[in-house]
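Next come the structures, one after another.
In what follows, subunit A forms one complex with subunit B and a second complex with subunit C.
This part shows the complex of A and B:
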């Protein structure tokens, strides 16, 4: 009885805290600042929040309507992610960014039902590029299959256009996330004649002895990694231990941040990773960021992540969300947009190089436009290499395009299978 | 004064042997059942169903199952998470192989599949005891999860290795899939919870339950007085796994909708359910519910209080939550090692004499 009364009190506070009187734009953040993946979750959440704070402080919100931020801790756990979703779904969340492929898979059918847009930037379900099936899910500017294809295209250019007879090992986090690139790499293996070796690492990935023993035995020419959290530094350390040539070790964009290479020290020198956006503080936007957010003490977290790879990614995600909200305001002519209007803004988003420069982020990300048939943007990515002596990531290529034709074909197949499973008729919403 | 047995006369053996011999208890039980079935569906909203009540009901079934094994039969098991995974994957395979089959039967069949697997992994219990048995069931935990992540047949060769529950209906109402309403999800879980609790209560009161308890208290003595340890231990494993399997099937089909063996049914699930049983009270049906309530509702309420109520940062709240729940577990184990159920028993003893204790 005591518990029920206590629960009722909490319910009362919860309901009271829910709807706000003033008109605001609600940008929730499903973050994880605790748990085994916190090292990646904290900088992303900080970057996301800081950019939104900057927009509020400098521009007074989007189109004159202030942004309201809420944060919910998921600890990268799907059950807690679902709980977070339930707690915010009634509060007009404009866009969800769970930063977890597992949670994304949970939320795709629910957001479709509830009409809440979801943006999974560089993660989540790849076949969501087909906007005719996944009306509410967006994964621009790049997805996992793009990433896998970009790596192969880069290796092709390194090997004079042929990977015939080469052996490539995929070291992956044994979860929905890590298994995502396997179909693409298998397809590309048939096309380019390399041998693919898939090696799974069970979450969280601190134990990789047997996997690297296998790599040592099989002697692959290249190792491609789909890792996250503590798995990344462990793998790089193991590679350094067996003296695997670091320049032949390439990670996806989730395996290429400072916290992944720093623990290994000089051994990580030469390690490569994909980059879906620029990094560092050499962008004009950081002047405003310093002035409005950092100097005023309004930054999220402890403020020590500014300029790191994952901070930049969080900031990029927030920037794309804000631009989509602006687009939505423009389309509908209303300042206080709803989640459904936000979806229209995201579905018609256009990012040009001029716009990026105007925002203070010149050449930060690729120029792309979103359409109903393509929720995935351009799919381009760059390759960055770690310089352990200087302690920084250097971009060593320009934007590399993926094999989009093949990816779209595969995505079509997968998304239509999803539509058939759920008795849906693929159609554009606008 | 209110809570006493004096004046509550029984005129038949049936009346004397009923589950709640004291009138106050009985009426309380009827009241709770009536409230759960008639009032809750009218007042429950999505957030309460999805975040608190449905997971509580599902974990209560798992705790009931594990309580039969540990609390009644004295066999320590750390494989609960894997057995829940068996229920989940069993229900997934049945749902996709027989789309016409009603979800209720799917869940019950998944329970039977889990019971069979449980008996298989219960076989070592005939030879080994205590901590050694715990290690053997730990092997089951790792082996089964490994099997479900590595064998593509179990997840129907889906490229990501995730299983997702298709939409299923009971009496024309969707109970699985994103269109399922809070009420229908609540009702199907409630029906299963009440049915399994009723079954567990009556099994433990009958000859089977007495055999289990005899084995728990001293297996050699039990064998001498004619209890067959093979039957007693294996039935305990079967019944326990049946319950755990039902709970896993419900967790996957109704609550999560999509799952992945390593992430949703890892070793931490085994420990979660084990803590529920220990905190709730070993060998008590009420304890299973109390333990599940403590470990499922507690963290959510704490989060609501700290984050939504007081506006604290989410990471601080998450860390505090771990510390507070951990500290509460310690306090409970020190102050009341027999769990919340024992605390409740003490309160009832005191209430019988109230207001004139001698």
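This part shows the complex of A and C:
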């Protein structure tokens, strides 16, 4: 009896103390702070959380409704990611960020059925760019095929517009993620006349002796890397070991963080990678971040990842989610939005240079707008280069556009095949 | 000499050095299995934990600082000094010995006379526990490990092979050092087990637990001794693998490389671990060299297991393992 009364008092106190769950905006985070890929998962999760904390602390939430954050540990494991989804799907999650291509593939049909939007920024299923088939999945501002195309366009600009007779090796993580750029690079090889050499590395990628012996034998002009986790520093170390010219070694955006180059030391100097956003703390937003989140001790994790590449990516993902939520509130005229309303916000999102400057992130990400026919944004990316002496990434190009016409053609083919397999009729959602 | 033959020779040479790296991990398994019949699933995590501790000491990191900061709102990270490698290595050895004492005190002591599978399960639990403790103690970020070992292409091998064949072979200097260190380690272990009182006691326990106990050998002491030695071997493996690809949590997965080595070499033989490592190393490099153009590469992870499987069919006890004869 005493226990029942205690429980009732506790429940009453909780209700009186703060807003009810329905009066909050639920932003879950499917993070991985443990396991072999934790080094990459932690800064992303911290950046995502810190930005949402900033919005709560500085603005009192979105449209006056506080944000409620929850975190579920996936350990970058697909089964655990699906378990996380099952545990939060009934709790009005406004948008899912699975942070894993494997988990994304599993969740696409589930989120379609449950009506929960998913944002896979720079990862996941590339053909989700076709919003007529993948109504609930968004992959703006860029996807893997964009990344592959941006790299080739960059190499074209470095070679006076011709890659004829060049040899390009793709060193890829032997997984759904790593194999994503192969069709694009193969198509572009036919178009631009370069020879493509594909070299797989089994997960996690600590042992790459054979692959780099092959690279040494084949002598490619460029090596493009699609790696993650320990595969990245190992590859950069091996490249340094065989004295491969580091400026001819370019990684995707998941192979271009501090975690990838620092363990290699001076050997990593000159290594290049794609950047889908800016990095470092040289943006006005960090004044607010310092004041409302860092100084008050409300930061996620240990607070020592602020401004790193993957922290910036997590922050960028949160920023895009918040802007989509604002758009949804504007469209529907209600502050306490539902996942379906959030989807509408994402489908009509418009990011302009002015808005980025207003948010304290000038030129941090590309300007783009989302539409039913294009859930993938502009696809633009920059190239950054590691300066081992200064210990920092430097942007060495402006935004480079991908070959979107070809990519949309490929995406259309793949997405329509998915629709046919699943007996779906492609159509835009109103 | 044809290019293919030269490339195959280079792959073989690299396979031999890679095999030594696998053998370093396998040695720790053999030591514990030989002395106590326990298949220590935590050996890979021990290598990770040892490497994390070494880097932590070297960089003057405050252990558990993340936990302390989260609990008390402090901003502790480093002591403000760096420990020289020559001091950090013995300090890490002491930590590994302390770990062995704790494992004996809190796990093994309570599981005396249990089935081997129970002890195996206990080491799985230990692996998860140790991985979590390592994370809380030192953080999950990738750490560079530098103990002064040279890295990169060996110019001497490159020059010599170029002079002989007109093609310079690539070999990583770190792996040459690993081969030398592994040879020293095996020599030290042999001297220890043959010529010291503790080593003889260890062999006695390995031969027959009951007989060893009956002549007054302390089983608990032997277990602490074995786990301490396995901890030191784990430190050596952690240094080598950590120097190669940085110290991070996937380092614990190197244990997976040791399993096929053990199947080939036998679970109870130190020379078996070395020979098994070399066979796996050379086998996977040559297989990759010849088969990659046909099947698309990424063969290293599964080839070793396939080879071990084939081996099991003909020699289940491994090359140097003890033959199991059961009479009915």
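Keep this in mind: the second predicted complex is superposed on the first by the 408 of 430 C-alpha atoms of A that agree within 3 Å, B and C clash if a C-alpha of one lies under 4 Å from a C-alpha of the other, contacts with A are read in each partner's own complex, and residues count from 1 in each chain.
The rule is simple: a residue touches a chain if its C-beta (ideal position, glycine included) is under 8 Å from a C-beta of that chain, and two chains touch if they have at least 3 such contacts.
The structure presented is a predicted model; accordingly, all values stated were derived computationally and were not measured.
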| item | value |
| --- | --- |
| Clash or fit (per the criteria above) of subunit B with subunit C on subunit A | clash |
| Which of subunit B and subunit C A:176 touches, first, second, both or neither | first |
| Partner chain(s) touched by A:202 [first = subunit B, second = subunit C, both, neither] | both |
| First (subunit B), second (subunit C), both or neither touched by A:33 | both |
| Partner chain in contact with A:90 - subunit B first, subunit C second, else both or neither | first |
| First (subunit B), second (subunit C), both or neither touched by A:122 | neither |
| Which of subunit B and subunit C A:377 touches, first, second, both or neither | neither |
| Clashing subunit B stretch [against subunit C; choices 80-88, 134-142, 152-160 or 242-250] | 134-142 |
| Footprint overlap on subunit A, comparing subunit B with subunit C | 33-34, 38, 42, 174, 200, 202-203 |
| Complex contact set, residues of subunit C against subunit A | 7, 10-11, 14, 18, 66, 69-70, 73, 75, 77, 131-132, 135, 139-146, 151-153, 170, 172, 241, 244-254, 257, 284-285, 288-289, 292, 296-302 |
| In the complex, subunit A residues that touch subunit C | 33-39, 42, 174, 198-204, 206-207, 209-214, 216-217, 229-230, 233-234, 237, 240-243, 259, 262-265, 267, 297, 302-304 |
| Subunit B residues within the subunit A interface of the complex | 46-48, 50-52, 55, 149-150, 159-162, 164, 166-167, 177-179, 255-260, 262-264, 293, 297, 300-301, 303-305, 307-309, 313-315, 317-319, 322 |
| Subunit A to subunit B touching residues, read off their complex | 3, 6-7, 10-11, 13-14, 17, 31, 33-34, 38, 42, 71-73, 75, 77-79, 82-83, 86-87, 89-90, 101-102, 105-106, 109-110, 112-114, 125, 174-176, 179-180, 182-183, 200, 202-203, 414, 421-422 |
